Amino acid sequence: MQPKMEVGVLGATGMVGQHFVKFLNGHPWFDLKWVGASDRSSGKAYRDATSWRLEGAMPAGVAGLKVEDSKPGNAPKLVFSAMDASVATEIERAFAEAGHIVVSNSRNHRMEPDVPLLVPEVNPDHLKSIPLQQKNRGWKGQIATNPNCSTVVLTLALGAIKQFGINRTVVTTMQAISGAGYPGVASMDINANVIPFIGNEEEKMETETQKILGDFVDGAFRPHPMKVSAHCNRVPVVDGHTETVSVEFSNKVTAADLINAFNSYRSVPQERNLPSAPKQPVIYMEEPNRPQPRRDVERERGMAVFVGRLRPCPVFDWKFICLGHNTVRGAAGAAVLNAELMISEGLFD
Amino acid sequence: MQPKMEVGVLGATGMVGQHFVKFLNGHPWFDLKWVGASDRSSGKAYRDATSWRLEGAMPAGVAGLKVEDSKPGNAPKLVFSAMDASVATEIERAFAEAGHIVVSNSRNHRMEPDVPLLVPEVNPDHLKSIPLQQKNRGWKGQIATNPNCSTVVLTLALGAIKQFGINRTVVTTMQAISGAGYPGVASMDINANVIPFIGNEEEKMETETQKILGDFVDGAFRPHPMKVSAHCNRVPVVDGHTETVSVEFSNKVTAADLINAFNSYRSVPQERNLPSAPKQPVIYMEEPNRPQPRRDVERERGMAVFVGRLRPCPVFDWKFICLGHNTVRGAAGAAVLNAELMISEGLFD
Amino acid sequence: MQPKMEVGVLGATGMVGQHFVKFLNGHPWFDLKWVGASDRSSGKAYRDATSWRLEGAMPAGVAGLKVEDSKPGNAPKLVFSAMDASVATEIERAFAEAGHIVVSNSRNHRMEPDVPLLVPEVNPDHLKSIPLQQKNRGWKGQIATNPNCSTVVLTLALGAIKQFGINRTVVTTMQAISGAGYPGVASMDINANVIPFIGNEEEKMETETQKILGDFVDGAFRPHPMKVSAHCNRVPVVDGHTETVSVEFSNKVTAADLINAFNSYRSVPQERNLPSAPKQPVIYMEEPNRPQPRRDVERERGMAVFVGRLRPCPVFDWKFICLGHNTVRGAAGAAVLNAELMISEGLFD
Amino acid sequence: MQPKMEVGVLGATGMVGQHFVKFLNGHPWFDLKWVGASDRSSGKAYRDATSWRLEGAMPAGVAGLKVEDSKPGNAPKLVFSAMDASVATEIERAFAEAGHIVVSNSRNHRMEPDVPLLVPEVNPDHLKSIPLQQKNRGWKGQIATNPNCSTVVLTLALGAIKQFGINRTVVTTMQAISGAGYPGVASMDINANVIPFIGNEEEKMETETQKILGDFVDGAFRPHPMKVSAHCNRVPVVDGHTETVSVEFSNKVTAADLINAFNSYRSVPQERNLPSAPKQPVIYMEEPNRPQPRRDVERERGMAVFVGRLRPCPVFDWKFICLGHNTVRGAAGAAVLNAELMISEGLFD
């Protein structure tokens, strides 16, 4: 048995950072030994610098770590970034420049022309953009990113059926409050209410989906030509983004084709048996009223996407519901699976 | 000042019936003097037969009425029907046959080829089908219906912009729990959850919308040719159905055209100043995150539809949010406005 | 008909300030003509300085008012204070010193030995402390306060039955999120949860209750000797604080005595027919499961307290439930009723 | 390693029955091989007879079991009863008479003078009443019961500090919706609301607490003389009953005494290392706003009770908050731990 690789988390005291700390707890490959945060927290023990807001207790092994400045210095080679978007650009670049492998959940570098935006089952080959990135920027390190939480759910579902040719997709999200961090959404805004707006979320879903489902060829990302229209809403649910999806296909496809494609979808993370990879990344539920966020989101350790209610769409071809765990598969778990994929590619050597 | 017209409510003890009782309280034209219900309740005082579940107290004038059998006999000429679908067909027909004007919220007769399915602003001319109905069935009375609660919201919004030519509409609803009656949705099902399924709701929205926006010509309903695809969901909101809508138009149309069309939409109910008609049936809200059900649904006595967030749709032409009060504009208020329209047409004479 | 008195609101742009603006809209005696706020807002129109968060639209007459600095200068004689506790002490004193009548909802002066803490039905005679206050402080103006929102509910219920001699009270509150202002409680904290802690709330309930139910004699407040123990909790309810109460009486008292005392409670505000006074300040509900916040809190314009479920207490004598509207009877409405009482006493002349 | 003991569940298709099925899944001593239900379900496979409503999937090993009539016949010796109270009396007696060991969650036999009402940490010695029961009733079998869900939470907390002498307790509960089964509480009743009433719950808490904390001496239960007053409320929380508690002690006791007593409380289930026993049955949380149901209820597999906010009570001596999992420690887990205790006593031999 190999020794574990030491890893760090940038922005470890915030909500996304806490999700990283929780998700990495007991990880078979990674050993969280370094936590970085803003000046305000640095020098304190993690337990003192952090208002732990997740269910269950703070992992004991992390509680005593000293919080470091968000500077390369003594950080491990692999760092996960949960930095706030307002500061992530500079900090992540500084780490990559200093030779670190930055696996980021922040939105800042996602759409850059030499940064992979990964959903490991869907576009593992986008990692081919890393050498270009290193050459362009003169970095020994690298930055890889995962998509917005609502995009992950959609792209895993579409990734499973992309083979049938997708022309157009209309998606409406009903997103959990945990997607907005802490304090995030005021209870006066969301209690017994719907907020039909999440800043920049629709634009992110529309453009990120095209990049992820597209190709990296001849040294450039070629977005998928499908048109995507997103309607993003916040609903009073704790965890789990639910999405209604209508899809127009370019090829003829039956319900049986689609359900089979969802359930049999396997890709590189499954083939390589990566530790955070769900055995079955997309699970079709037969019950007429599932998936549901409160009842289904924690299944498969939050790493699978659940699809249901496949039925003909009078406007396009087919419509269905999908659901995924926004803070796991849509954030911390997404980045950790990215790192596992990168290791399995030998990108860290 | 004319004396008020005596009216009755069929199914008065149930949830929809209670909404009728509440909405009719203080009505300037109608005086609720007759309440009908199932055998189990008949003979009791309304206050004793009814578990009043609405906010505020039971109207004093109704509390003492004796609950009658759901049979024509001594009922007033005009009866509103809040009968459960399992029994509405027979009972409503019996009343119409006996010469009553039945203004029904039940789904049973909505899609019949000689029964008007009314949204008074959108298709008041569908009342022209009544003589056909009377002739077909040999009735002196008549039945008119209002649509499903989620359909009313959509058709008022689309009615205001129908002039630009609508080819296709994809709609996702986030529907309030009050739409399911009482006890309706179990709290174990909906607390902090989304239920992505409401039985038959999508089919109703798709077909009812086509009938309402269509024409009655040459003695027959000609459905509007637009294609409608509905995704219906229940969310933990008390009152108010919120709907995301993407629309493809056959004509070129600008945002200003649409907003102007929403805000300036006036029709027969407004022209005739019907007592339950909202002054402005569709209200466009400029705020970036409105309308919201908890904050907006009670405005305009629950009789207007609120639209917001008009923006280009990458898949079709335009997309927006709309909101309406499901138990008022989508049920009791809808039927009462129907009756007001019918009176203003002289149909009761 | 007399002209209305011009009034102002200090802290008008915050949540409590907005509740004052809403409550004063259409008031028969008061005309809101002056709104004060922090430097950041002053000079702007109220509509531009304020993120209006209440249900319904911002009152048109106030939207165009220019926001003023929170300094006496040109303010009307009567100002309501919705100032944040962090600044209320100095600002309220400055206004009182400058001759203004400050009717405050802030906690800062509540427990001072020469400031009345008023529930107009319960202790209108505490206004006798105003001359002492003016003498002590050399003010031409004056400050009067209303209690914490949870205290108002309890003291109105206890005020109605105080005559039977109260020795001890144990109260547990289930408080609405609107009591915490905006953004107030994070949805991640309260969604489908209970927070068993509200900072300083228990201390306020315990001490304020004693002051309110006590006497002002010989130039000093003499707190009521009853012992009060409060357990304060936040629950996911929008408006309305629900409180369970166990009471030990010094005299023998029957259920009929207590229910009669609740329902027949009338005091100075009712006798003088003050415009914001509820006709019946305490309403006993006979239903076995009432009052309930969502169903009952808006009754009587939010100015009454609802009591229910009176039953023997195995530990003390009697126990019951009470409910009141925290932002109306517990805040803006409380202060406005205080001002009405003060006018009716001739204190403004 | 011993073979597991085969067990059955009566009323296995209902909500409490499902909790038994879930809790017994993977149990080291018990193997669920028999499921009984009403005539309507008998003969079907469990998966077909049951609308599975719990989070996660139905345990595979149970899904295929044939549902049996609720009659002794071929049932295993040990049966857990999740029967509805309307039928539990007769059925449980029939099983006990036929020689079965009935470990029941139903309320029917709890207060009988020869039936133990067990909280294994608190009153394991009450099992001494079993021989009396068998003699009284001529049974070879036996019935043991666990308390109401809200009582378990209170009695574990009080059990830990009973040594200091408890005279009086006032408790207010804020109970989760899962405590009411399915469909249980209508969402129209509890969404954004508090229901200040749960039928018979207060009486159960008051009398059951006295029996549990009392003694079984000289062949009879002698209830604890403490007075208990309960106020029971339903709040919109999924799982976990939160309770505010004020306690009067007969002895002088400090906060340190109490916190130490909570945290060091160990009893027979811990000494015998019973498989469902929490290592630490009562856990005192130091955070100022904990425990909270959504964040803490799943800790320790739902089998511990969490206490917090110990502070002086102005009316009695001390007050605090406690929380427990109503469907685990308050129902299925409680009964399973009872059975483990009974086995460890040799009562099944």
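Each chain carries a letter (A, B, C and D) given by its place in the written order, and its residues are counted from 1.
Throughout what follows, a contact is a pair of C-beta atoms (placed from the backbone, for glycine too) under 8 Å apart; a residue touches a chain by one contact, two chains touch by 3 or more.
Worth saying up front: this structure is predicted, and the values here are computed from it rather than measured.
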**Asked** Fewest touch steps from chain B to chain C?
**Response** 1
**Message:** Can you check which chain pair, A-B or A-C, has more C-beta pairs in contact?
**Reply:** A-B
**Asked** Distance from the CA centroid of chain A to that of chain D, rounded to the nearest Å?
**Response** 41
**Prompt:** Distance-wise, how many Å sit between the C-alpha centres of chain A and chain C, to the nearest whole number?
**Reply:** 48
**Message:** Taking the mean of the C-alpha atoms as each chain's centre, how many Å separate chain A from chain B?
**Reply:** 42
**Request:** Check each residue of chain D and list the ones that touch at least two other chains.
**Result:** 191-192, 236-238, 294-295
**Asked** Within the complex, which stretch of chain D touches chain B?
**Response** 53, 177-178, 182-192, 236-238
**Request:** Would you mind writing out the residues of chain B in touch with chain A in their complex?
**Result:** 168-170, 172, 174, 191-197, 206, 227-229, 231, 233, 235-238, 242, 244, 246, 288-295, 308-309, 313-316, 319, 321
**Request:** Can you check the complex and tell me which residues of chain C touch chain B?
**Result:** 55-57, 191-192, 238, 294-296, 298-299
